[in-house]
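Quick heads-up: structures coming right below.
In the two complexes that follow, chain A is the common piece, with chain B as its partner first and chain C second.
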Partner chain A sequence: MKHRKKALANWGNAVLFLGPTTIFFAITVLVPFIYGIYLTLNKMDTPSDPLVFSGILNYVNAIKDADFWSSLWLTLKFVVATVFFVNLVGFGLAYLVTSGIRIQNSMRTAYFTPNLIGGLVLGYIWQFVFVQSLPAMGEKLGIEWLKLGWLGDPHMAFWALVIVTIWQTSGYMMIIFIAGLISIPRDLIEAATIDGAGPFRRLVNVTLPLMVPSFVVTIFLSLKNAFMVYDLNFSLTKGGPFNSTLMVSMHVVNKAFIESNYGTGQAEAIILFIIVAVVTGIQVYSSKKMEVEA
Partner chain B sequence: MSTKRMLTSTFAYIISFVAFVCFIFPFFLLIINSFKNNGDILTNPFSLPIHWNFVHFVDVVDKMNFLVTFKNTFMITTLSTIFIVFFSAMAAYHLVRKPTKYNKTFFTILVASMVIPFQSLMIPLIYIYGAKLQLIDTLPIPLLIIFYIGLGSALSIFIFHGFIKSIPVEIEEAARIDGCNTIQTFFIIVLPMLRPITVTIAILNVLWIWNDYLLPSLILNEENVYTMPVKMKVFSGTYMNNWELLIPAILMTVLPILIMYMIGQRYIIKGVMQGSVK
Partner chain C sequence: MSKFNKTIGLFKKSAMVGIAAALTLSLAACGGSSSNKESSSNSPVKIIITNGKGEIDAQFKQAAKDFMATNKNIQVEVDSVAVGDTLNVYDKLTASGKTVTMAMFDPYSALNKYKDVGIDLSKEKWNADTNDALKDSSGQVIGFPFAVEGMGLVYNQKVLDKAVGGTFDPFTINTQDKLKALLDKMKASGIQYPIAYQTEAWSVGNHYSSLFLDQADDPNTIVDQLKSGTFDYTKNAVWNGYYDTMDILASKAYNKYGARPLGQYYDAAHVAVGKGDSAILFNGDWAFDSLHAVAGDTFGFMPIPIDNNADNPLNNKIAVGPTQVLVINKKASVAQQDAAKKFLNWLVYDQKGKDFVVNKAQVISAFKNNSNKVTNPLGVAISNAIAQGKTMPFSTNYINAGDWPTTIGPEVQKYIAKQESRADLAKAFENYYKSHQQ
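For the complex of A and B:
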């Protein structure tokens, strides 16, 4: 009798503590995800159409969709460029504001500010910079490359997206790096100094190996952000000029909601999921192996 | 201080100042140009306004339906955040203290779900809740809040989980001996101890939900339920290249969050820092 009462109480607690999360998680992530895989096996142009089983037809269409692969290829280039620069700039800033200069706290605050604003609005802000301000500045100072409208040129528009992404997210990575940098024991740095290591040797041989856990987090976040970029892409370039900056997220959105091809759009979204899962999985696994003990 | 040392620190000051200018100048441009007319904006985007003109702000408040849009965004953000924080704390506590096989699996699924891109959920979400259940047209705001709770809980539970693991279980055992049941122990003993990490999680969720665009743009189809990013998108389409209206509109969209940052910047930076250390 007592046992049964206790079991009942345990069961009640589990329902109370886990129940709400389980329900919300199930109805917004778990069920849609599994149902989404099922949807790819059906022909569906708009959501009001009845589902008709079509096997792997959607995947065949996705594989034949040249625009999908070019948007994916572009996204990969974007991923490589932003992951590299965001981490480089973020680490540089963190190194700078932990080096002991007096104004470091206000600098920290300033560098983080772009993170508070969403990609969509940032895109509009930078549109003003690229379309109005820089050309006006180039005109006044006679600098040729500023005069060109960056967003009108396919090559420059891509780099405009990269620059704004660096500007937006490096401050966030900086904070993560700061947390890592201040946890490095001072005596390790001092020992290296006594052994005759200069600032550069200290950075490469002592600081960086101890920062691997921070890099695991920042690279994971910047990878995921870059693969999923949509808001900024949408507001800054709208994929243009001539679809030259149309990334994969935007392609999926357009495919489903504008071209009314839900089935193929969903198949492409699942392919995107597989790529993101594999890439981030490899990244976390391989960089975890690089971690060292202080 | 040696000369070499001084040179290095001068160099650090210069670099940090240049970086400061790079990070701040778009905001600076936004502020000085929000008081100008189109003519001045086009010819002199970098100069201070000659006449300080507030009329466009008044215009924008009216044209953006600012009060309603702000109220919608505020309501969606606060309600979602409160529910996420509350439910995630409870779930994480249970998952840490009762590591049964089922709970471990559930936690693994939660963590693994963090790599699912939103793009692979949005089409089924629209299909199930729009076409089948017709909830998008009838109850857009409650539905959006439910989606945020579901989409936000994995990361929040993950961060809470890491924090709760470091709390010694002895404190709770003492409470148990004093006659508290699990529910009382959680609310009286554990919840107050979670305060620092709760602030972190609340901040991360507020920033995400306040600025989110893609999900609300799919769910909110009526003008009177728009959030600020959705409204900003519509506004920028209507007044394309009309910078004397667009710039004040952008400024007013970002201002609430910038004010919040000015008040709570210490907590925000500390919060992000704590959230990152697993």
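For the complex of A and C:
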């Protein structure tokens, strides 16, 4: 009897604390997600069309869609470039602002600020930089390769996207790295110093291994952000010139809403979800193994 | 005295209203057992109108109020699409079980996706006052032209006046040679790059690359050839002519961005033409806001010459046509349809209706009897062209404006960036019509 009462109380507690969250999670994520999978099994041109069951036709169309795979390939390149540079720059900044230089607190604020600007606004601001400011500078200083707007050349437009992403997100990663860096016990660093390790040795053999938990988080975040990039893509290049910077999210949106092929677009979104889930899953699992105890 | 008369008039009026009300009341009392709701005149007819131009939401709702003030037996509900929403508000309302009485569509959707929605409007009085009513393939009028828009080469009057030494008349530029001579004159007058060519996919695709459809009086005849695959692009003089002219517009000699013609220049190009650093770009009347022009400067449209035959009608006209049409839903009740028709007549013939369309909503009216003028000088240029008969169909209405920005548009951009030849571009058109239109 007593046992049963306790179980009931536990259950009550669980409902009290987890219930609301679970309900909201279900309403906003789970139910739409499952309903979304159901929609892919129907033939639809727009989201308001009547449902006509069509089996896996949408998935067949999605897999046959060459543009989907080429935009996914482009997105992969974008992922590699941004994950590498965002973490490199983020860690570098964090190292800098925890090294004890005098204005480090205001520097932290300054580096974090770009993250507070939304992707759309950021895209339009940087569009101005790439189309007008940089060419104007090139003109004044006589730098040949800066004279033309960046967004008209497929390669430069791609790197423009990468640069803006670094600028936007490395400040955020910096905050996570700072938390990691200041939690490293001072005594370990001191011990290494007494053992004769120089600054570089200390970084590689002491600091970095202890920072793996931070890297697990930052790499996961930057991976996910890069795979799902849309707002910046939309506002900075609109996928141009001639679709050369059309990332996969934008392709999915175009497919579903602009080309009025909602079923196929939705199926592509599900495929994209699976790919991202697998990639980030592997990343988290394998890098967790690299964590060490201090 | 006149005040006294007015008071008597008012008294008379209210007396009449009173008598009318009493009569209707007694009538309604008699017919109380009648189950037919539509015939009872004291319960107002409710109609739903969807407005596809989100930017004039407030004005449209005010217009509905003004209309209801004089048509007390009609209740109008206006539902506007949010600016930039991809899903038509008509779909949303229909999906939620409501019957939209009158919907605003773009002409292509009205003729394709929503082709089964509309009733025949051929017998409406307003057909006599416009050339832009939307007809389906059988020639039946299904769309009321709510807004017309136009496109061509936007020019800055001040710069061109200086270049030609006098008042520049846009319709004098009716051959490619004359266009080139004009551009050279502008260079001589100190404008280093006369053209600021913005190359957004929808502009070079949907707008510019559909203009060749106007070589037939009815663009549908060309569209049919495209769909059946019988149109030979590379041998078609008009199709080639438009890209010959595009080569001039995008060239290093005249175009501000000639060295790298692609690359998000929309805002920069418009500001350049607005300020007078450059003077010509290709766009429509909606471009005016982006020009950020100094108040009082004038802008207009000139035709796009595609060969050296000054008598070619394409060289002497600008493309103008309805971009939003109102369609009355078959599924609405007869009383609702009649109420919607009344609203259309109000838009065309009532002073307040006319005032709403042009002065309040700043929409260019498709109707000859509406003498109001929009404040946008490019809109004025279009109403003048309509008045002079110097217009040809708005060719974009005959293509699928939904997928061209992601299909044909990028191909045209590749052509502009010299990444593909004109033969490749022709191939891209062929493939598009093969794979997208069954």
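Note that the second predicted complex is superposed on the first by the 271 of 294 C-alpha atoms of A that agree within 3 Å, B and C clash if a C-alpha of one lies under 4 Å from a C-alpha of the other, contacts with A are read in each partner's own complex, and residues count from 1 in each chain.
Keep this in mind: contacts are C-beta pairs under 8 Å (C-beta built on N, C-alpha and C of every residue); 3 or more make two chains touch, one makes a residue touch a chain.
None of the values given here were measured: they were computed from a predicted structure.
Once the structures are superposed on A, label A:Gln132 by its partner contacts, choosing first (chain B), second (chain C), both or neither.
Both chain B and chain C are touched by A:Gln132.
More chain A residues touched by chain B or by chain C?
B
A:Ile270 in the overlay: touching chain B, chain C, both, or neither? Say first, second, both or neither.
A:Ile270 contacts chain B only, not chain C.
With both complexes overlaid on chain A, does A:Pro47 touch chain B (first), chain C (second), both or neither?
Both partners.
Of the partners chain B and chain C, which touch A:Gly149 in the superposed model: first, second, both, neither?
A:Gly149 contacts chain C only, not chain B.
Touch check for A:Ala179: first (chain B), second (chain C), both, or neither?
So A:Ala179 only meets chain B here.
So, does A:Ile258 touch the first partner chain B, the second partner chain C, both, or neither?
A:Ile258 contacts chain C only, not chain B.
Who does A:Thr28 touch here: chain B (first), chain C (second), both, or neither?
After superposition on chain A, A:Thr28 lies in contact with chain B alone.
In the superposed arrangement, which partner chain does A:Phe78 touch: chain B (first), chain C (second), both, or neither?
neither
I'd like to check the shared interface: which positions of chain A are touched by both chain B and chain C across the two complexes?
Residues 47-48, 132, 257, which sit in both footprints.
Per the contact definition, I'd like the list of chain B residues that touch chain A in the complex.
Against chain A, the touching part of chain B is residues 9, 12-13, 15-16, 19-20, 22-24, 26-27, 29-30, 33, 41-46, 83, 87-88, 90-91, 93-95, 98, 103, 106, 109-110, 113, 115-128, 130-131, 146-147, 149-151, 153-154, 157, 181-183, 186, 207, 210-214, 218, 229, 232-233, 236, 243, 246-247, 250, 253-254, 257-258, 260-261, 265, 268-269, 272-274, 276-278.
In the complex of these two chains, what residues of chain C are touching chain A?
Result: residues 86-87, 91-92, 94-95, 113, 200-201, 257, 259-265, 268, 402-403, 405-407, 410-411, 413-414, 417, 419 of chain C touch chain A.
Quick check: in the complex, which residue numbers of chain A touch chain B?
Touch list, chain A to chain B: 9, 13-14, 16-18, 20-22, 24-33, 35-36, 39, 44, 47-48, 93, 96-97, 99-101, 103-104, 107-121, 124-126, 128-129, 132-133, 136-137, 167, 171-172, 175-176, 178-179, 214, 217, 224, 227-228, 230-231, 234-235, 249, 252-253, 256-257, 262, 265-266, 269-270, 272-273, 276-277, 280-281.
Chain C touches which residues of chain A in the complex?
46-48, 127, 130-132, 147-153, 157, 236-243, 254, 257-260
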